[in-house]
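This is the structure I have questions about; it appears just below.
Which chain is which? They are A, B, C, D and E, in the order written, and residues in each are numbered from 1.
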Amino acid sequence: MTEILGVPVAVLSGQLMLGIINGSFYALLSLGLAVIFGLLKIINFAHGAMYMLGAMCTVLMFDAFGVNYWVALFLAPVVVGCFGIVLEYFLLRRIAGQDHIYSLLLTFGIALILQGVLINIYGVSGLRYSMPEVFRGGMNLGFMFLPYYRAWVIVAALLVCFGTWFMIEKTRLGSYLRAGTEDSQLMQGFGINVPLLISLTYGFGVMLAAFAGALAAPIYSVSPVMGSNILIVVFAVVVIGGMGSIAGAVITGLMMGVVEGFTKVFYPEGSAAVIFLVMVVVLLIRPSGLFGKEA
Amino acid sequence: MATTTTQTDIQQSIVKQQKAEQRKKQILNLVLLALLLLAPAVFYPVFLMKILCFALFAVALNLLLGYTGLLSFGHAAFLAAGSYTTGYLLSSFPGVTTEMGIVVGTAASLVLGLGFGLVAIRRQGIYFAMITLALAQLVYFFFVQAPFTGGEDGMHGVPRGYLFGMVDLSDNTAMYYFVLAVFLAGYLLVQRIVGSPFGQVLKAIKQNEPRAVSLGYNVDRYKLMAFVLSAGLAGLAGSVKTVVFQLASLNDAHWHMSGEVILMTLLGGTGTLLGPVVGAGFVVTLEYQLSQGPLGDWVDPILGAIFVLTVLAFRSGIVGEIQNFMRKNMG
Amino acid sequence: MSQASRRDYEQLRIDGLHAFYGESHILHGINIEVKRGELVTLLGRNGAGRSTTLKAIMNMVGRRTGSIMINGEETMSCAPHHIARLGVGYCPEHRGIFSGLNVMENLTLPPVVRSGGLGLEEIFSMFPNLYERRASQGSKLSGGEQQMLAMARILRTGANMLLLDEITEGLAPVIVEKLGDVLVKLKEKGLTIVLVEQNFHFAAPLADRHYVMEHGQIVEEISAGELESKQSMLDKYLGV
Amino acid sequence: EISNDTVKIGYLADMSGTYRDLAGPNGLTALEMAIADFGGTVNGAKIEVVSADDRNSPDSASSTVRRWVENENVDLVAGLVASSVTIAVSNILEENNRLGIVSGSAASSITNEHCTPNHIHYVYDTYPLANGTASAIVKEGGETWFILTADYAFGHALENDVTRVVEENGGEVIETVRHPFPTSDFSSFILQAQSSGADVVALANAGADTTNAITTAGEFGLTQSGQTLAALLLFLTDVHALGAQSAQGIQLTTGWYWDMNEETREWSDRFMEEAGVRPTMVHAGIYSSTIQYLNAVKATGSDDSQTVRKQMMDTPINDMFAKNGIIREDGRMVHDMYLAEVKTPEESESEWDLYEIVRTIPGEEAYRPLSESKCKLVTQN
Amino acid sequence: MSEPFVLETQSLVKEFKGFVAVNDVNLKVQRGHIHALIGPNGAGKTTVFNLLTKFLSPTRGKILFKGMDITSMKSAAIAREGVVRSFQISAVFPHMTALENIRVALQSFEGNSFRFWKSGESLNNLNDRCMALLDSVGLTEFANTTTVELAYGRKRALELATTLAMEPELMLLDEPTQGMGSEDVEQVVELVRKAAEGRTVLMVEHNLGVVSKLCDRVTVLAQGSVLTEGDYQEVSDDPRVREVYMGGTATKKQETAE
């Protein structure tokens, strides 16, 4: 069998595949974060919590009303998105135009509240959620066994990412969004309902996180703490891609999934740190990230 | 002629105002000192020492955040570097005295700060925050892996030792006054820095960097200097903390710690000297009180709510709001 | 709408307008009336409050009291986007070019609020620089190019009342001249224009009336005809 | 004589973080049940409880415990989960000569290199966890092992213990992989485990890491392809979170299970009424150890730590938690451990009916023998 | 020291992704002159300034200051050599008072700005000079006002004062009268004239009145290249300049300026 650095190629191709899958989650999450940062200039520390809410919603809706996976995949993001809009309307709006750091503090506070309250209700061990019937099992790719569900994750994530990118970079609505972030007052002076636009954008960004959460529900342990650790990794991804760059967030998300995947083979202990190493190196070479616009 | 008299008038009034402010600062310092000297009579000294350590840590961060406009999201690394270095020296080398341990711990953070600074200083805004975070994560990884830190279990039983070979620090009161002295030294140093010509340049950089460049300032060097000073002070806080608690743990290096100190600083008020001290006191006390009482399992949500409230209602922080209030009501 | 086309119809009426930035009280009871198709200027020294007046009309200052009627409609409680929808085009003092958008995007950004705005060809023939730089990022334009873009942008929307703040700022004399012609044409088309200008030589021949401001108050109203006779008074106010 | 005429117990545990469910607020409930069952007073002295969240931070824990012992006359510190917290606290207790009973921590070092004359380790540690599960599986024919270890002190200890047991029983560890703590995506590691071809895939981690790894193993069909999955530390709450569907067939070692006999069932019914969930072994241990402590105070009429500890060491423990449990001089409470297998969904009759006890491992066999101890209290003698 | 030209550029070129903003510019600025750079919008004037102060690096070409090649120097170093610019868009330190703004500029000569242990009071000996500078731009009464609160025109005046504080050998002014009322323009003209004594000024200005009054020499830039150069009269008589830049107003403007 051919080997690279003592690891069979078949294993490596398997790891590549898994890296891409894992990267799909990063892509979705960092996309939402990039949308919110790029358009609202809000550093959304509640993003992890929104991911968690998406997953919790999926599980709780099933437990309480028997809502099935497909419906939940649509409904959970909508519910969380609406919640995001409410947050934006009552809280975030009040600090518009202030320094980044206030939005950071505010969203961090929100995350603490959400997480803390849910811990007190549901504990930290996690809730059960079983894999939807259709996705049980998997296919043999020769070099690995690919569960159907993981294949679905890639497809779903990429579709959503592409759609978002297209909307923001190529449509008129997108140009309103981009302009609104620079000088929202002036945009309003042009006759555009900026406050509404901002609420919707935040809601949308949060929805992306919740969508990732709903996607994660069948395969990861769903608990109130699931969002807190993924948060800074996702931040790192966004920064490597270039803050505010939509395509950058998606591509970097996938890339980082792969990088992390390979590290898990060659130096597993370092797999949590590798993204930060990449970040340091990238920022040394390109101060505004891989796809960021020069300041 | 008329213009020159108004000129001198105005100038004099400015100087007078400065003097008045100076006096206010001194009075404030004295009040602070008196409070801290008397505090152990009322409060539990170990708890006060914890506050002082975090206050020093927050004051160090504020030198960057409040006065240079740099948001470091990796300050835990310096706290931990000071903490582990001192802990390691004091527990593994019986010949090392406490003050030596602290000095070397601080020096280690200074050096680490220089390293961080050289890498990070050219990045702007949020990229700066994130690169410091990334570097701190790498440092965290190092501390997890390095054998001498005791990994997740931490480093325990660090001896407090004797100060200058004479004062027995295992006595909490003696320890308290030592920590107080260190804290005050750090606090006054920052006060001095902020008011110094150097501090003026930092302020200028914070407000308009390109302009400062065009005035002939090599802003990178100034920022680097500020960063290193801040890292050193953070390390000092870590070193002293290790001596107080006789332990060093990974919590010190975790990014939550970097976040927490930012929160303390903001809560108290950035850009004010006393703000971080009050913020640290507030957060430490609150966490402590909450974790004891019946609300033990509600600490996080309550803290969260306080952060939300702060941002919405008291954006300039506790001290900042008080200042604003005084300004408004005193002309 | 028949009313609106009557020439003496009041397009803008400001009564007792006060405006504040936080604690500071900037405008102290301003009264202004502008009829449809009129071009009036706001003159005054730096800091007199002219830009603030325009911003107050757009509801872009901190707090305001008093009354502002546009087309006979009270707008004190309107959000800025509603005001724009009434047909008001605002060209801000510092240009407000969106640096993240390219020239084309900047140009087509403000939604068309009424029919009858200028077409893109007309605009480009007016400002050939913009055509050349149409794919450039907003932030990369020269100072004057940004100024042209800021002006061009609102001409497209078909707004019938323009609030223009220092539009000749930083423009080459040829362009200033051209801009003067444009304003004349716009006036002919029946647009109402409120012009804040430092460049009195530019404004004087165009305007029907001038309001002179000082310390947040209107201190004088001069019609085009009175200009000669009141020149010395004007010079005093403007400190020439 | 009892100081201040009160016996004051401080309950210190993670109330809001990762370890909340295994001890946490419900541990306090167990402690209070014990005091109530004991009668609320001991020799006429009041029994008081204070509690605090350790926030998983040794600093916070230290300042709390220092104040407890220095200012508030706390006699016993109970709970104690994260090992960094436990070690920090035990140092303070030794300095101030108070007593601690550790119910939540897993590190066997607590009664080995970190032992003090001032604490007792009550419920379990990594040594029997490895011992029970690994030896049973090797004996059933699981010869080659792949160990997935959480990369921190606890994981390393467990990994060492497992490796030793496997090799002693004639098996072989062919690969170990250390994953960062915490990790959410285990697919890469599961794939490595699959391609290693080992008979047994052992999880030397805890909490969400373990449940995540088990879920992923299920998804990738690890057991279908003939490998055995062994989780070395699983609490009832973890298995409950996984559900019988995902966890079925997993073998694990536990110090106690609620559904072992009449006595345990009776107590855990009462617990469930109070707390709303079935107790973990830690909850039961907190209850049991508190009763034992109060008995010792009653018997000696003193709350002095050494007197009480001596009395506890001299009294074998026989209650719903342990039969013939003995506290050794190193502070280890040695009692029988149980090898359990998670029931299939068909076998499981209710939400919490999750384990089948397969074998009882006698205490002396389960725990590290004193002869191997590095504890200063043992080596001195 | 004896070269007549303080500043010289040799075939200076700046390209932005295929767009040539500055094309082969050879500029010579004579010591003691007030030299104007004029030209249509987008001609490349600000870009030239940016190149001279190294806010941008030239694609090709050389920049000589007092005969010394400064092409590869950093911005701050160039500023310390004595080339100081003001910004087209006003750029002060918004949360400092007017006085402090100037003091920061003066301070950069003291050479002790790195001493973080020095007391802030040591800065007070600069106050006299600050006040004098403020007075010269008519901002005396605003000395203790926080800069954000100043109206736009006053910010520009402050900006100019700050630049003067640097005692530059070569002062680069980008549209110094922009946004000023006519009374202030007069003042600025006087100020620049005063400031120019003993130093050299290179300025970009669209107010031809100011140019005609102040400038010894005028270079006209169009589309990145030098169109012509000469004194104001020569330049304004050039039909090409009239066509691309001055339009019909040139004569009118000149009259009003006189």
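One rule holds for everything that comes next: a contact is a pair of C-beta atoms (placed from the backbone, for glycine too) under 8 Å apart; a residue touches a chain by one contact, two chains touch by 3 or more.
In this text the structure is predicted, and so the values were computed from the model without any measurement.
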For this session: Would you mind naming the chains that touch chain A and likewise touch chain E?
Result: B, C
Seminar exercise, completed: Per the touch definition, the chains contacting both chain A and chain B are D
Seminar exercise, completed: Taking each chain's centre as the mean of its CA atoms, the one lying farthest from the centre of chain E is chain D
For this session: Give the chain pair, either A-C or B-D, that is connected by more C-beta contacts.
Result: B-D
For this session: Let me have the rounded angstrom distance from the C-alpha centre of chain A over to the C-alpha centre of chain C, please.
Result: 44
Problem set entry | Inter-chain centre distance, chain B versus chain E - centres from mean C-alpha coordinates, in Å | 42
Exercise. How many angstrom between the C-alpha centroids of chain E and chain D?
Worked result: 75
Problem set entry | Centroid spacing, where centroids are CA-atom means, of chain C and chain E in whole angstrom | 29
Seminar exercise, completed: Residue numbers in chain A touching two or more further chains are 116, 119-120, 269-270, 272-273
Problem set entry | Full enumeration of touching chain pairs | A-B, A-C, A-D, B-D, B-E, C-E
Exercise. Which of the residues in chain D come into contact with chain B in the complex?
Worked result: 15-16, 20, 24-25, 50-60, 62-64, 66-67, 70-71, 83-84, 87-88, 91, 107, 109, 114, 151-154, 156, 181
Exercise. Which residues of chain A touch chain B in the complex?
Worked result: 37, 43, 91, 94-95, 98, 100-102, 104-106, 108-117, 119-120, 232, 235-236, 239, 243, 269-270, 272-273, 276-277, 279-280, 283-284, 287-289, 295
Problem set entry | Residues of chain A defined as touching chain C within the complex | 175-176, 178-179, 181-183, 185-195, 293
Seminar exercise, completed: chain E contacts chain B in the complex at 53, 55, 74-77, 79-80, 84-85, 87, 91-96, 99-100, 103-105, 107-108, 110, 112-124, 127-128, 131-132, 135, 140-141, 143-144, 162, 166
Exercise. So in the complex, which bits of chain D are touching chain A?
Worked result: 16-21, 151, 177-180, 182-185, 187-189, 191-192, 194-195, 207-208, 211-212, 215-216, 219-221, 225, 235, 237-238, 240-243, 245-246
